[in-house]
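Dropping the structure in here first, questions after.
A, B, C and D label the chains in the order they appear, each numbered from 1.
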Amino acid sequence: MSYNTFGRVFRFTTWGESHGPALGAVIDGCPPGLDLSEEWIQPFLDKRRPGQSRFTTQRREPDQVRILSGTFEGRTTGTPIALHIDNVDQRSKDYGEVAKAYRPGHADYAYDAKYGFRDYRGGGRSSARETAARVAAGAVARAVIPHVRIRGWVEAIGGDAIDPASFDADQIDANPFFCPDPAAAARWETLVDAARKAGSSLGAVIACEATGVPAGWGAPLYAKLDSELAAAAMSINAVKGVEIGDGFAAAALSGEQNADAMRPGENGPRFLANHAGGIAGGISTGQPIRLRVAFKPTSSILTPVETVTRAGEATEIATRGRHDPCVGIRGVPVVEAMMALVLADQMLLHRAQTGR
Amino acid sequence: MSYNTFGRVFRFTTWGESHGPALGAVIDGCPPGLDLSEEWIQPFLDKRRPGQSRFTTQRREPDQVRILSGTFEGRTTGTPIALHIDNVDQRSKDYGEVAKAYRPGHADYAYDAKYGFRDYRGGGRSSARETAARVAAGAVARAVIPHVRIRGWVEAIGGDAIDPASFDADQIDANPFFCPDPAAAARWETLVDAARKAGSSLGAVIACEATGVPAGWGAPLYAKLDSELAAAAMSINAVKGVEIGDGFAAAALSGEQNADAMRPGENGPRFLANHAGGIAGGISTGQPIRLRVAFKPTSSILTPVETVTRAGEATEIATRGRHDPCVGIRGVPVVEAMMALVLADQMLLHRAQTGR
Amino acid sequence: MSYNTFGRVFRFTTWGESHGPALGAVIDGCPPGLDLSEEWIQPFLDKRRPGQSRFTTQRREPDQVRILSGTFEGRTTGTPIALHIDNVDQRSKDYGEVAKAYRPGHADYAYDAKYGFRDYRGGGRSSARETAARVAAGAVARAVIPHVRIRGWVEAIGGDAIDPASFDADQIDANPFFCPDPAAAARWETLVDAARKAGSSLGAVIACEATGVPAGWGAPLYAKLDSELAAAAMSINAVKGVEIGDGFAAAALSGEQNADAMRPGENGPRFLANHAGGIAGGISTGQPIRLRVAFKPTSSILTPVETVTRAGEATEIATRGRHDPCVGIRGVPVVEAMMALVLADQMLLHRAQTGR
Amino acid sequence: MSYNTFGRVFRFTTWGESHGPALGAVIDGCPPGLDLSEEWIQPFLDKRRPGQSRFTTQRREPDQVRILSGTFEGRTTGTPIALHIDNVDQRSKDYGEVAKAYRPGHADYAYDAKYGFRDYRGGGRSSARETAARVAAGAVARAVIPHVRIRGWVEAIGGDAIDPASFDADQIDANPFFCPDPAAAARWETLVDAARKAGSSLGAVIACEATGVPAGWGAPLYAKLDSELAAAAMSINAVKGVEIGDGFAAAALSGEQNADAMRPGENGPRFLANHAGGIAGGISTGQPIRLRVAFKPTSSILTPVETVTRAGEATEIATRGRHDPCVGIRGVPVVEAMMALVLADQMLLHRAQTGR
């Protein structure tokens, strides 16, 4: 069954395919009285927009968002907010070959197995183009939690990681890779360029941090904040791994090493470490929330790969069309959006339960 | 808000605290006509039961399950199945100190921040004791998908990993660590024993694999199989990381390296690799589903750690009481159960949508 | 909290206000492979469209639906179906007075109490205009259950009821009242005309029947078919009462009178009566499903009524603008749509649970 | 699919059959810090308990509730609250005949059609015994909204209604019929006694009113307060009709007659009438919420009725066993409970959205 709604009280539903006329999101459960305009949303979409450097797909989409409902005189009314983005630059003729054979690593075969047929143009529903709708919805979520600051960056491309010691937040927006380490950014330019020219692709690790989340958001178990963030991140196309705080590294530690000791602080305890990524027992501690996400390399590559046709015959396929050599780069605003959407939902749930 | 229901059409809700009179689960949406008895469920609980070796907590719980509703003459009726497990061996007096100060790495402070107060006895709701209810529910889920085989094991403890070349499935149940590599099991005996004697604790990585899942279960995006599994795994206490297939390792690959090439096979394509962990575009491909989960070391350790009291004063705390030196070990049947619960739900959703 | 999604596995979300640029629905969970086009949906919208006779509002809306996602080459793909309808004939200047004072019987005061402010133009979100989105979604639902026939009619206007003995299904579409009794239709012409000219309004009772529903859809209690239909019908603007089968009349019967006796039939039992409205114990029996719905008279009337301003001062208000003298008439296609939406959802749930 | 969870953020799930060992409810989403004990819940169960007069079933059930989780030192902790009630007085041997043939008006045939088989003992899941779990859950809901007063009564039995002019709230608990009109209570004694002696049964109309609900709870459309109450009431066994405010009577009025005019009041407007039953546009107005519910006569009667066997052969069936001659009487505490459950949920949703 296709499930395209996310969230519990702040819920959004996305729709749209890569090569349909438009895509969008409907946000239900947004509090009334918040300032909201297309001008507020657009910069987030611009950050994700393709075609801004030679390191992303050359598909040209203005990604202009329109608000079709749910606001009145510049403020939210508490009713569903419909966000609409037209698709402008589809080129369906690129996909003739894809209609006949399954691209390895892509959803093609699984789709056919599930649905019996598929919209093969640009990946249809499983295109990364869908993430535009998430980013627009995420901008609305940010308006719900104005005191929370959410910031993502690329931590590694193709296995080449930044040097944590060189982390400089001001650098993130100063290069086409959302890279906080200038030396790494320089190396990635060579790396991604080479992949692009070879028609290859590279995986990436994205990190995202939220500051300003007070202690107390989340739940002990099934909707624990870790679980909600994991579901959100893993719902993005191409994501195959998620970590909160130290993640897999914590599995190699002892209890002493992993303890986030506390000293008296001004507003609640002052923590001496943040192995837990700002979440203990599923609930925020007031420390920064830390999330890491693994994007696989996109399977759209020029090198022919062995595969089968719909009829089950052996063949090879090379993916033409316009693609991101490293889809993880544009994943940064998407991961940020998903974090904003989860946190806005949790803030409202917390308010429901506690009145605060 | 506390959310303790998981699943979309095969849904279960758990309840119970570490030191309450009992705990349990209610399963709603189970198909009618399945053979189900306490004898079917009990072996799964026995596998998770504490006190079976010196490597787990010495709390003695028989964990006898009773089915209180939803079956008639040994078969499910399609109505809610209530599973009930009595708590027998609580020792609340162990927790006086915990009432006054926050254990670092535990849920204590976050709970107080959220709820204003907490049941401090044994971690209350966030105790790993809750996982008994999941394991019982998971046994019911397995009855829904009898052709699917789900098998988990421990892959690493405290950073010491198995040798994949020595993997022997028959060894998994032959040692107290669910370890498929006899040499690693021998090393872990020394390792965990040392941690236990020192009152320390160790993290672990659990792997879990499902075979027999046909191509087609899952959804492209928000309820994609990866996302459902991630949410399920991350909802378990102490879990801080999740990977599907190659996970973070895929982020270091190129598209060529990560492609799961296909050749014609007997029933659908034959895959030449399984980097994707059996899931492409959120939908199962017919290959084995592969999941890896990181458990942090439990924060219950004898070494005093700096912390603060409820009143905000500096203090130190050492956790007495009975605890698992490596909570990840008993996580194996829990991760298996969560995988079964997700797959049963997805099977029913697939059947709803396609009639197959 | 605003909740604008309805359904469990066949779910739809509507958005849009009376005087916004557009309105629409997103359908999630529709099975793949169904024939679906704008041509299929449009006739249902046309049936509901305003301005077709002098007995409905004179607002001129073409209500042309566009499918923006979820189909490929004329068939559903299993992904979200976005339906879009432009608003064309808004006249916001009609509503100046409404901005200042609360119209009795309307949502005005309650909205302000909840949200702190409101979109006063044409009732905003609570306008009957929203029902266009339901009718479009209902047309998609009908494609899911092609063997089910759903047919509604008006049973009474302003307390003047049809004569059941004169019921003639062929008459329903032969007059502007969806009236199956020609004599009643003639009387209603006078009645509604008088109300229209006086600037008054009238309530109505709508009946709706589904045939072709097999025995077995529904659930014993919380999602019992009666309950789902009641929630669906009561979610329509202006509806204040719902009955299944004999409804309130059954409360005046004895058990003997109310028994739907059975005799052997060709496919399952042959029922000798249908007091239960085709639903016993929450589950369909194979008999026609019978639903009755009470629409109150719209509160938009020309007669001045005592009310208060937003500032709390006494005043009087008369509602200008264009309105239906009997909003229940156009409720017929809306009730039909809601019944189709509930039944499509139940069919899929039944298939999930039973494989049939 | 069986769905046994109700509510959006204050959610409860019930389980249990008429002749199983026990029944219960799990409440998830209850705010922390509320006083809650078995002593608080028990009086509500006592009000519903069978065998208290000759006018209800003679099954003897103490209906002692136990709280198994979710409280600590007499207060709710914010985690799931498990309520448990043992079944004590089952007599399964009464049901031999029911196993073989379908009781008309009962769920028997529909169950078999859906599930393929059924627990025939006492109606299994569709027994009115399940309502004990609702009443217990409803008591918890009342603790969430202490300022709301909810009071139900019987308005008519077998078509014999109270005289509204004789309404005396103090009389409701002074007779075994929850009847506010002493003269009607006297007539009903004769009426119900006659039905009981004849082995017949009678339908009933229940009214329920909530005062103290502030203006602003609810939502404009799909979760409008009317719709939530209708779903809640219609989810009770034997209920076939629901009205909010004037309900079907409103359908016979003109807009002038149905207008609830307003004058300036102390806290918000003072309403001159309450045709709307305290809900306008789906949102509470601050007036009393008024709900009416139709219970059909139970189909368990001694008079033989024509029916068919499971094998499809013609037969007759008379229902022995112990039954309520008028199941609507004990419906009063059940309808009250459902209203409390809906309002507690809406209060929390309102608080989530508005912070009030």
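Everything that follows uses one rule, which is that a residue touches a chain if its C-beta (ideal position, glycine included) is under 8 Å from a C-beta of that chain, and two chains touch if they have at least 3 such contacts.
Remember, predicted model here, so these are calculated numbers, not experimental data.
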| item | value |
| --- | --- |
| Pair of chains joined by more contacts [C-beta pairs], A-D or A-B | A-B |
| Proportion of interface numbers common to chain B and chain C (over half same, under half different) | same |
| Farthest chain relative to chain A (centres taken as mean CA coordinates) | D |
| Chain pair among C-D, A-C or B-C whose interface repeats that of B-D, sharing over half of the contact pairs by residue number | A-C |
| Chain A-chain C separation of Cα centroids, rounded to whole Å | 39 |
| Distance from the mean Cα position of chain D to that of chain A, given in whole angstrom | 45 |
| Chain centre separation (chain A, chain B; CA means) in Å | 26 |
| Contacts with 2+ other chains: residues of chain B | 1-5, 8-9, 14, 29, 32, 78-79, 114-116, 125, 220, 349, 352-354 |
| Residue numbers on chain A that touch chain C, as the complex places them | 1-5, 9, 11, 13-17, 20-24, 26, 28-30, 32-33, 66, 68-70, 72, 75, 77-82, 114-119, 124-125 |
| Chain C residues touching chain D - in the complex, by the definition given at the top | 1-6, 8, 14, 102, 104-111, 113-116, 123, 125-126, 130, 156, 158-159, 195, 200-205, 214-224, 226-235, 237, 239-248, 250-264, 268-269, 272, 275-277, 279-286, 294-301, 303, 305-308, 312-314, 328, 349-350, 352-354 |
| Touching residues on chain C, where the partner in the complex is chain B | 8-9, 29, 31-32, 78-79, 220, 348-349, 351-355 |
